[in-house]
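Chain lettering (A, B and C) follows the sequence in which the chains are written, and residue indices restart at 1 in each chain.
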């Protein structure tokens, strides 16, 4: 196990918006096939961390290494340079992102949403893209909805389309950002079941969530973040068992009530 | 007083009015088609990264919106030949109206652009589309759907403004009406019919556009 | 350039007269149009059925007809039905009717956007309907209608240039006369364009100033 290269390695990540420091040196490692949940109160920097990994945010210091490739920046003569747009786009396509507010393309059908990246980024032909899209839509239980527009779908269905859209790109790593927070309570479970299903298939997932029970059930490891730092990083049994740090204990006490 | 309405002379020249109407529509369609290109380019430039680009667009919109269309038409028609560019009166009018409509369409598209949700653009970036691909396949279609109603209104406005082509002797509806007015002295009838034709055409265009809007799904 | 400036100096009084007439026409039309528009807007919303219908017809006819057609109609029609108007008066009539329809429609929109609770509250303290309109509804509607009202003013200054076609000696016609004498086509059209630009941008700024004032309260 020791010589196996990790899929994702985040080292000393620093990020600030103006004078506000959001990430203060985050280290995190994911192995292939691992499911890791990040918990923490809002403002702890967990969503920002995810957005940095998907290169939607710039960061000021530290490295993100995905499958052996340092992403987002190159070092030329000792100075960091943000990569060019085309390069960033290629690296982004290696990770899939599922957003809290779905962000489906409103002018495309469910199938069209899944197909856009397959056609324009992966350069599949129309027929092939179509059949991949159909396969993923039926994987998330929406085979019969593939020609519906987002406005004709419920929130839970929209989020499942978004999951299909991310996974159809065959990403090395899937990032899920509070995927159930914008849903009505009765629609949460169908989305969580879908995520559980892809986790069981062996996908590598980095999940930001408020659903503690879900984090415990699905994850190999749970990371607790507070004020821009990783405070705890341990298997769920340990995290939810005898909490070691006072901050984690406090956080869990507040979320349970 | 003592004026009695007699439409006979007008119906005799009705075909001229109709061909005038067709010319007006043709001018508006050509101008708005070109103006749409100007407007799209300018709108994307105005939310783009280049400060100079944004400044040029701001100036363009401000100048055109505050300038009478007739001045612009005369300037293009009479001034370009002096600068060595030969255009016939149709080309020069279409050019002027395209320039004019482009400024209004810039604002229409800019409003449509700001109404595109930020998260949807991020989702496109997240699956690996480049900035240009995102604009072409995601931002532009959503923006165009948002802008469709205002685009239609702008087109109707430009169709009405095509009447100003009469000032450079293009035989469109207003020009023909004025000619019939002078030839027949059926003054009241002429302007009732001319105005009625414009209103009917605007109404027809508006209902056509509403049908078009219904064809596309609302977001 | 020197000769152009010389020609501007020679033509300064005709151009100045034309510019003043343009402003006078626009001001007359906005004043008359506002009076018509206020009546129109109130009638469109609160008038009896027949009045609502007639004003709706008026608004739709004015908005479906090009301004130039309105101007030509106002120029040719009055004389044959025995009313004598000179070209300037005919032009002001056409622009006022055009402005009245636009202002009526935008006032209707502004009145309609006021929450119904406002009128109910006014009635509950015992105000009559005219009082409710005068003291509660119109002040709010006029405030929100200010930006499009200023925009109508800009359209009127632009539209007044069309009066050159019926021979009103406003800025554009005076400019064309100067061009006929000097053959400096580009220079004088651009010069006229700059004057229109200056007038409209000043009006726009005036509108923004009033808006700030009104919002301060």
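We adopt the following convention: a residue touches a chain if its C-beta (ideal position, glycine included) is under 8 Å from a C-beta of that chain, and two chains touch if they have at least 3 such contacts.
Because the structure is a prediction, the values reported are computed rather than measured.
The innermost chain, defined by the distance from its C-alpha mean to the mean of all protein C-alpha atoms, is B. With centres defined by CA atoms alone, the chain at the far end from chain A is C.
Put simply, the C-alpha centre of chain A and that of chain B have 46 angstrom between them.
Between the Cα centres of chain B and chain C there is a gap of 21 Å. A separation of 57 Å divides the Cα centre of chain A from that of chain C. For chain A, no residue reaches two or more other chains under the stated contact definition. Across the complex, chain A meets chain B through its residues 54, 56, 85-86, 89-90, 92-97, 99, 101, 103-107, 116-117, 120-121, 149-151, 162, 165-166, 169. Contact residues of chain B toward chain A in the complex are 117, 119-120, 122-131, 133, 137-138, 141-142, 145, 217-219.
Note for the complex: chain B touches chain C at residues 1-3, 62-63, 65-72, 74-75, 78-79, 82-83, 160-164, 166-167, 174, 177-178, 181, 185, 187-188, 190-191, 194-195, 198-199, 202-203. Interface residues of chain C facing chain B in the complex, by the touch rule stated above, are 60-61, 64-70, 72-73, 76-77, 79-82, 154, 157-162, 164-165, 172, 176, 185-186, 189-190, 192-193, 196-197, 200-201, 204.
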